[in-house]
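What follows is chain A paired twice: with chain B in the first complex and chain C in the second.
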Partner chain A sequence: MTDLAASSPIPERRARSQAWWNAVNAWLLLLPAAVLLVAFTHWPILATIRHSLFITKRNGSEVFVGTDSYGAMAADPIFWKALVNNFWFALGTIPTSIALALIMAVWVNRNMRGRGFLRLAYFTPTVLPMIAVANIWLFFYTPDYGALDQLRGLFGLGGWNWLGDPSTVMGCLIVMVIWKEAGFFMIFYLAALQQLSPDLDEAASIEGASRWYTFRRITFPLLMPTTLFVAINAVINSFKLVDHLVIMTKGGPNNASTLLLYYIYEVAFTFQDSSYAATLTVVLLTLLSAIALLKFGYLDRRIHYQ
Partner chain B sequence: MRGRTHPVEAVAAWLLALIWLAPLAYAFWSALHPAAYATSFSLSAPWTLENFARAWKQAPFGRYYLNTVVLVTFILVGQLILSTLAAYAFARFRFRGSGIAFALVLLQLMIMPDVLIVENYRAIAKLGLLDTIPAIALPYLASAFGIFLLRQTFKSVPQELVEAARVEGAGPLVILWRVYVPLARPTYVAFGLVSVSYHWNNFLWPLIVTNSVEARPLTVGLAVFGAPETGVDWSVITAATVMTMAPLLIAFLLFQRQFVQSFMRAGIR
Partner chain C sequence: MSAITLNHVSKSWGAMRAVDDISLTADEGSLLVLLGPSGCGKSTTLRLIAGLEEADAGTITIGGVDVTRLSPAERKISMVFQSYALFPHLSVAENIIFGLRVRRVSRAERDARLRRVADIVGLAHLLDRKPSQLSGGQRQRVALGRAIIAEARVCLMDEPLSNLDAKLRHEMRTEIRALQQRLGMTMVYVTHDQTEAMTMADRVVLMRDGRIEQNGSPEELYNRPATAFTARFIGTPPMNLVRQGDHLIGIRPEHIRVVTGGDHAARVKAVEHLGADSIVLCDIDGQPISVRLDGFSKVQPGEDVRLAWEAGHEHRFDPATECRLETSAREGRLATSAG
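Let's look at the complex of A and B:
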C-alpha cells in the first residue's frame, strides 16, 4: 500500500515497521471472514476425510478402520447407482440446456418485436425456488389426474405413473431441470453476444455468407469461452441440485433417481451413519476438486482475470 | 443479422416463450380457482382466493415469512460486512501470505457449504445452535463469491481518489467507507440480489438444521405443508407454492433489468 523509498537506514526501518503495520491491518480486516471460512469450509473438508477413516460405535467412541469404509462403499450398489445417475443427469440436462440457452440468447439479442417479454419468459424459472418448481411439476406428472396424463387421455392413452416408474423418472426430472436452468445460461450468452462486434455480421453478410454459415463459422467459435464457462458451472451445479428429490421421488423408485448428494443426505440423516456419509462426501469432494483444477488450471487463464 | 428475423423464427421464439411460461401460468390458474377446476380449463371457471385463505390458516405461513425475511437479511448484512473488509485487505494491502489466503478463499467457490452438510451439521450441533436461524446462516456468512466480486471492484478504484482522502488525513477504515464503498454500489446491488434470491430459495441445509415452526424458512415450511401424508388438497398446495415464490417473482417483474444484469455480472466474474 505504501511505497517508501529506502535510501538511508532510518527510513528503511520506518518502511519495515510500516510494512509490518500494514500486514497487521490486513489480517485484522480478514479475520472475521477467515474464522468463518475455516470453521465452515476448510475444517469440515479435513474433518470429512478424517471421519471417513473411523467408525463411531454405539457408545460414541471412535475406532480407526482405515480404508474399510471405502471398501464397503465400492461394494455398495446404491453408491454406484447414484454415481451413474449423476452422470446421466448431467448428460441429460447440460447439453440440451446449453443449446436452448444459446438459441434463446440469439433470439433475445435480435431486434425482434417483444424481445423484452421473451427475455422475461425465458429467465423467470431461474428466480423460482427449486422446491416450488418441484411442487408444480409434481402435479404435471401425477398419474391419471396430472396434466401429462390428461394430455395422454386426449389421445385415448391410459394413465402412466411417470415418477413411479424407473424407466421414466429420470427423464421427467431432466426435462424439469432443463426448464429451470436454460434461462440462467442464456444470460451468459447474451452478455457475450452483446460484446461481439456488429461489424462481423455485417462483413459476413456483405461477403454473401448465409446466416447459418455466419453463426456456425463465426459467432459460435467466438462464443466458445462462454460455452466452456457455462458447461463447467453446469457440471458443478448438477452435483448440488437435489432439492427436488426430497419432494418428488425421495431418490426412488428403487433408487432410480437418487443422486450422490441426496444419497449422502439419506445416509447421514435418515440412516444416521455419519462415518459412511463422510466416506461418500470424500468422493463428492474429489469430483468437485477435479473440476476445480480443470477450471482454474485451464479455463481461467482465458476468462477470469481479464 | 440483428435487423432481420425470419417469421418462422419469430413464431418459434414466441412458442418457446409460451411453453416456458406455461408451468407458472398453470400454477396461478390452479391457485386462483376452486379445486374442481384444478385440471379443467374453462373460461367460465369462477375465480377465488379461498385456496390462499385455507393455506394461510392450515400452516403458520406468517411465521415462515418472518423467518425467511430475518434469515435473508441476517445473511446479507453479514456477508456485506465480512466481504467488504476482506476484499479491502486483498485489493489494497500488500502482505505476506495474501496469495495463499486468497486461494484458500476461492476454494469455497468450488466446495460450497451446500455439499459439506454432514460435518457442518456436526459443528452446528456442537455449538448448540440446532434449530435456530443463525444455524442456517452461519456457514454462508463468509462468502468467497462476495469477497471475489468486491476485490475486483475495489481494484478498479482510482488511486488518486484514495490519495486525496489520505491527504485530508483519513485512515484506512474511513477511506474504505468514504471512497471504496460508495464507488462499489453497482457491485453491492448485484451481489445483494443474487444472495437474496439464493437464500430465499435455499432448501436442503435449512431442512437439515431446523425442526420447528420458529426456525423454519418458507421453503422448508412449504415442503412440510405439501408432503403427501398431510392429505392437503392440490389447489391449496399450489396456493402455498405461489405464496412462497411471490415476493421474489414480484421483485423480479419490477426490477427485471436489474435482476438480469446482476446475475450476469455475478456469473461472469
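Let's look at the complex of A and C:
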C-alpha cells in the first residue's frame, strides 16, 4: 500500500505530459487541413465581406462606404431578375433530376443483362466536359438546323429560336442541366442501394408487401441520407452554373437566363466592379450557408442514418 | 390445409450443390426441425420453401398446392430470418406490425395483437426503440414477434433462438411450441442445436452436405440412428463409437456403467460434473469413450476402471459405409442371450 502511494506521483506526471503530447500531436495532425481551410475558405470569405463594405477608387485607394453597396443592390433590377431566375432554375432542375436519378438507379440496380453498359450510359453526361455538353445542346437548340427544329419541321412547324426567346431559354437550360445531373446523382443512389441488405426486401416480400409499398416504406426512407446529400448538392449546383451560360446564352436574351453566379461573373470581370461583385457574393454565401445550416441543424436529426 | 412437401428438390450455386435432391413432408399442424452442422443447406432449404430461392429441380407444395413457381407473398407464410432482417428505420412496434399494415388490418386489432405478441416475446417495454438500440437477443425477439403476429398457417424459422441466453432460450422454446400447437401452425424450424430439435420437434430431418441423413421422430433419431453421422450428432454428449475388430459399435454414454469386473478396461482421462450427473471421459484401447454417471461421481482422472454395457444397447455400423447394420445387431443380441 505504501509502495503504491510513494510511486503514484510519477505515473501522474507521466500521464500529464502524455496528455500534453497527445494534444500537440492532434494539433499538428490538424495543421495541414486547417491551413488550407483558413487560407482558401475562411480568409477569402472574410475578405469578401470586408470588400463589400468598401469601394475601390480608380487610383487604387479604398473608401469605406458601409452598406451603400447593399442599398444599390436592392435597387438593382438585374440582381432581382437573376435571383428570381435562379429560384425558377432550382425549382425546375432539382426535384426532377433527383426523381430521375432515383428511378434510373432502382432500374439499373436490378439483375439484368447489359447492366454495366446501362450504368455507363447514364453516367456519360457527367464525365463529358462542360464545353462539350454545351456544344451538344447548342446543336439541339440551333434555330432551323438544330435537332429540335428539324423535328418540328417534320410536323410542318416553323423554326424557333429556342435560346434566343425569353420564354423558352430557361426551359432549355433546365432540360440540359437535368440531363447532365441525373446521371451523376444516380451513381450516389446506386451506391446507397447496393448498401441496403437484400434481406429487407425479402422480409417485406414475405409479408406480402408490393414492390411499390416496399419502396415507399423501406427503400426510400433508408435512402433519405443519400437524398439529402444529393439535394444539397443539387441546390449548390443550381447556384454554381456559369460555363454553360457563357457558351450558350451569355445570360440573354434580355437577362432571361442570367443566374446569380453568372451575374457576379459579369459584374466582376466584364464591368470590373469588384466591390459590387463582393456584395453579390456575400448574398450567395448567405444563401448557401442557410442551406447548410438547414441540413446540419434540422434535417440530419430527422433522418435515419445506418 | 397447410402440409409442406418437398419432392426431389435441388439447388446449386455453380458446382456447389447446397441442396441435393431433398424430399420431405411436414404434416399439417406439426413442427419439423431441420437439423445439421453449419453449411449443410438448412437455410437454403428453408428459403426454397419460402420462395426466396428458386429451385433448380423438384416441386414444392404447401397444402396440396404446387407453389414451386409462386412468389413468397403468394405462399402466405411467415418467416424469421437468420439475420433477423429488421427494418432499421422503423421502431420495434412498427417492425412487428409491418405485415398487418400491409394487409390493412384494422387499427384496433393491430394494437391488440401487438400487445399480445409483445408480451409473448417480452418486448412490451421496448416497443418505441429502434433495432439499433437493442441487444442481439432483443432483435431476435423482434424478428420472432414479426413472424408470429401474422398467425400464418405456415411459419418458417431460421435459428430464431441462437442469440438468446439459456434461460430465455428455454422459455421461448416452450412458448413457440405452445403457440405452434395452439394455432395449429405447420412449422419448419432450422437449428443446429440438437437439444432444441429433440425437445420441440414432431419430426427431425438431419441434413449433411445438402442431403438428408435421416428423417424421423426425435426418438427414432436417438434410439435408432441410421448412420454413424447421426449417432455422433444426436445426444449430449453424443453416442460413443468404438471400433472393435472390423465392427463399428455405438453405445450411448448413459448405457455404460462403471463396475468392478466389467468387460472393458479403461482409464479415466477427465471428469465433468454437471450437477445431476457427471460425464467421465475415458480411454479404451486408445479410443475415447464418455460415460454418464448419476450424481457427483467420485472417480479420479488417471484411475483405471472397468466398463460394462448390455449388448442390447449396442448399435452396430458398417465401418466402411457407416450405415446401421440392423440384422447383425439383432444376431449379436441373440448370440449373447443364447450364450
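In this text, the second predicted complex is superposed on the first by the 254 of 306 C-alpha atoms of A that agree within 3 Å, B and C clash if a C-alpha of one lies under 4 Å from a C-alpha of the other, contacts with A are read in each partner's own complex, and residues count from 1 in each chain.
Everything that follows uses one rule, which is that a residue touches a chain if its C-beta (ideal position, glycine included) is under 8 Å from a C-beta of that chain, and two chains touch if they have at least 3 such contacts.
None of these values were measured; they are calculated from a predicted model.
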Chain B versus chain C as contact partner of A:235, first or second or both or neither: neither
Touching partner for A:222 - first (chain B), second (chain C), both, neither: second
Contacts of A:205 with chain B and chain C, given as first, second, both or neither: both
First, second, both or neither for A:40, with chain B first and chain C second: first
Touching partner for A:102 - first (chain B), second (chain C), both, neither: neither
First (chain B), second (chain C), both or neither touched by A:169: neither
Superposition-derived comparison: chain B or chain C, residues of chain A touched: B
First (chain B), second (chain C), both or neither touched by A:284: first
First, second, both or neither for A:55, with chain B first and chain C second: neither
Shared contact residues on chain A - chain B and chain C: 204-205, 304
Touch list for chain A against partner chain B, complex: 1, 19, 22-23, 25-27, 29-30, 32-37, 39-45, 47-48, 51, 100, 103-104, 107, 109-114, 116-133, 135-137, 139-140, 145-147, 150, 179, 183-184, 187-188, 190-191, 198, 201, 204-205, 211, 214, 229, 233, 236, 239-240, 242-243, 246-247, 261, 264-265, 268-269, 274, 277-278, 281, 284-285, 288-289, 291-292, 295-296, 304
Chain A residues touching chain C - in the complex, by the definition given at the top: 197, 199-200, 202-209, 213, 217-218, 221-222, 304, 306
Chain C - residues contacting chain A, complex: 50, 52, 71-73, 76-79, 81, 83-89, 98-99, 102-103, 130, 146, 150
In the complex, chain B residues that touch chain A: 1-3, 5, 9-10, 13-14, 16-18, 20-21, 23-24, 26-27, 30, 39, 81-83, 85-86, 88-90, 92-96, 98, 101, 104-108, 110-123, 138-139, 141-142, 144, 147, 172, 197, 200-201, 203-204, 207-208, 218-219, 222-223, 226, 234, 237-238, 241, 244-245, 248-249, 252-253, 256, 259-260, 263-264, 267-269
